[in-house]
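Below you'll find the structures, each written out as structure tokens.
In what follows, chain A forms one complex with chain B and a second complex with chain C.
Let's turn to the complex of A and B:
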């Protein structure tokens, strides 16, 4: 705990300070999840419209998820060098299984009668999509984002092995310099970051499902 | 990475009310973090050496040339790379450091693809990488890797630190050494079958196998464990011997006994800067600057420097800078 409590390790602007590493870790996570969503959304919409594409899509995403992250990133070095891109590409791909599955499930779970009612009230297709389908689907989608984000925070720990700063620096550097306290600080911070982010997104999920019960399966 | 299904949320309103501001704060933080990258700060690596204030005078040779220096995770490698960085920086080079990258394959990929320009590599490791037989002759090891790297990869090996040998050894705790009466590897022969040796993956290939062959013995049990943890394993009695790096300060700190290698089976591992030939064409003075460092390095010196990092917990940069200043290679 000493390492964590020592204020010298929190100095702003110091590249290996806890503060800098925390920001760096959050940054990679945020970029990866946001790009991940941007990729997953259109794919999921295709899968909803053309149900035959769902199985191949989710199978490919599932296979990508099984690739070991260390090897995947190492293979990218000749193409993307030791840059954030090398770390972000695998993270974006890993997030696809969870995100696509949840977005598809969220849309499919909407009672077709509700959509029908929307049209019956004279709404246009766009209005139905934006004011009926999206609000109903969002809580389930956010549930997927939660799982994807926590996973991403975990895998982003290995980013320093590819020259990209993250809290994993404390773990690797501490281990190699026999500094158990530093390793412990890294482990505690990564866990805390994952738990706090998950709780925050849970809050968002609750906000979005105001007036409705968050179903246990997606909570 | 295993992710547990999050627990079902509480539904009490007080909890919900408290969760909301926290949620908003964190989302704001996430968004801010995402926006921040637009300024391209995400590529600043841990330990990146910021350009020092001593701006290069026009007479200084390296002004403006961009150099990226990498290293593996091991402290020896990080110290060497940090010294290269400080020396080049002082001559006006625009240096970026990416220290503590993954294992050998990551660095090998990175330098071949140009993601880094320089990194310290050991002659013995490069021989293994090239699939060439290891050797006890430092000059031959160096000449072989230098020739092959130049020809195959357009990578130049600058002068190695011949006095610095970061090789493998068989170590044991003072207690085991006394109890079993061990001073040389030869002493193991009659009892090896009863002993457990702890070794890192690379140590099994580079130390356990050659020792078993050369000394005609077989260890009772070989357990694979990280080198840093193997000293503890022996102290606690989970293993009787460990494959250690000859520069590991734990040998000094824990009074470990290095068993004498009477048959000279361990290959030589001298570090040298591996530099992209393209960079040397652009700035040939790099060779002289880094070659000047090598005679100052030795196994004893590096053990002391590693100790300052691993035992006293000083930063790699601090230790490297102090050493270069003490040797007169860097002016304060």
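Let's turn to the complex of A and C:
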């Protein structure tokens, strides 16, 4: 606890301070999940429209998910070197299974009669998509984002092995210098970050689910 | 005020061996409730969905006030036609109020402006606004949800209301109540209502006119009395249960059973011309009178006796079978 409570370890400008590492960790997570969503969304829409593509798509994403993260990132070093790209590519790919599954499930779970009534009342296609389909699908999509984000926060811990800063730095540095308190600080911070992010996204999900049951992720 | 005319309407779906709707022609006069009655697969829903262009005819035309629907922009057309379905289809993420003001809202009307109308509509369908306005669909019973569905369909004050088995999933008591309330509302609303049902009693209760469909074809169209009294063929007779004395008593008016003899007995009690045979019979039994005077607009037009009622039923049955 000493390490965590020492204000000198929280100095803003310091590149290895807790504050800087926390920001770096959040940044790599946010970038990975956002790119992950940008990739998963069109793929999921294709899978909804052409149901035959769903199985191959989810199978490939599932196989990618089984690759060990350390090995995956190491394999990328010859191509992308010790850069954030080496860390982000596997994180984006890992998130695909849960994101694609949830986006597809979210859209398929929408009552077709509700969409029919939307058109029957004189909504344009755009109005049906923005006022009916999206608000109904969002809670389930966010449920998937929750799972993907927590997973990403966990894996991003190993980023420092590839020269990319994250809270994992405290753990590796602590090991190297036999500084148990620093290791503990890293473990506590990563866990706390994962739990708090999960709760925050749960809050978002609740807010979006007004009038309905809060659905768990399809994973 | 809007009439709906089906002119030689045919609808084929790819891969089907016969048309879903086959050269159907008839007119629904403005302000009437017209029931589309038939078994499943008779094409009644397909016919209904062509009015608001959820499907267009393969050939033929649907005309509203003489204008073919295919010449109108579907978005604009649909905003002027109310739509109520058995599945209700309320938007689960919107409150009752936001569901009702859906059509005004998609045309860009601010919430404050439609508020009074939303409240009036909720009162009309029997839901006190203060209690129900902020509820979500998941907090409503089946009957309440369908009342909201009806209010939503009426929000833009459409001249036409399309209803596809709207009370089909409600229990018998709620269904009966909703039917009576629809009749009550129609007295002030005067909409042209096209109502799909497979329930003969519902058709007889609600319809000013009933169009009987079978395998995509129009078999007969007429008033409930016409369908019961002069079914076009054996199918309509069986469907309507025109052979059933109970059903005739329930829906046929007493004017079909006036005593031919011009003798006017000393009848103490009178009934109106729109009384059903069943009510007339019960009144006769209760009053212990030999005859009742039948009045139309306050003037006596004849009288009925137990004998005249029984003769009319016998005459009617032999006429049907001939």
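Just so it is clear, the second predicted complex is superposed on the first by the 214 of 219 C-alpha atoms of A that agree within 3 Å, B and C clash if a C-alpha of one lies under 4 Å from a C-alpha of the other, contacts with A are read in each partner's own complex, and residues count from 1 in each chain.
Simple rule for what comes next: a contact is a pair of C-beta atoms (placed from the backbone, for glycine too) under 8 Å apart; a residue touches a chain by one contact, two chains touch by 3 or more.
Since this is a predicted model, take the numbers as computed values, not measurements.
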Mind checking the superposed model to see whether chain B and chain C fit together on chain A or clash? fit
I'd like to know which partner A:163 touches here: chain B for first, chain C for second, both or neither. first
Answer with first, second, both or neither: which of chain B and chain C does A:178 touch in the superposed model? first
With the two structures laid over each other on chain A, which partner does A:103 touch: chain B (first), chain C (second), both, or neither? neither
Touching partner for A:37 - first (chain B), second (chain C), both, neither: neither
Which angle, to the nearest 10 degrees, do you get at the Cα centre of chain A between the Cα centres of chain B and chain C? 170
Once the structures are superposed on A, label A:93 by its partner contacts, choosing first (chain B), second (chain C), both or neither. neither
First, second, both or neither for A:133, with chain B first and chain C second: neither
On the A-aligned overlay, A:116 touches which partner chain: chain B = first, chain C = second, or both, or neither? second
On the A-aligned overlay, A:189 touches which partner chain: chain B = first, chain C = second, or both, or neither? neither
In the superposition, chain B vs chain C on chain A residues touched: B
Shortest C-alpha to C-alpha distance from chain B to chain C once the two structures are superposed, in angstrom? 15
Of all residues in chain B, those that touch chain A in their complex: 1, 3, 6, 8-9, 16, 19-20, 22-27, 29-31, 33-34, 36-37, 42-48, 50, 70, 73-75, 78, 98, 100-102, 105-106, 109-110, 112-116, 226, 228, 250, 309-311, 313
Can you name the residues of chain A that touch chain B in the complex? 15-16, 21, 23-24, 26-31, 34, 70, 74, 77-79, 81-84, 146-147, 150-151, 154-155, 160-165, 169, 172-173, 175-179, 182, 196-204, 206-207, 214, 216, 219
Interface with chain C, chain A side, in the complex: residues 111, 113-114, 116-124, 127, 131-132, 135-136, 210-213
For a test of understanding, state which residues of chain C touch chain A in their complex under the given definition. 52, 54, 74-80, 83, 85, 87-95, 102-103, 106, 136-139, 152
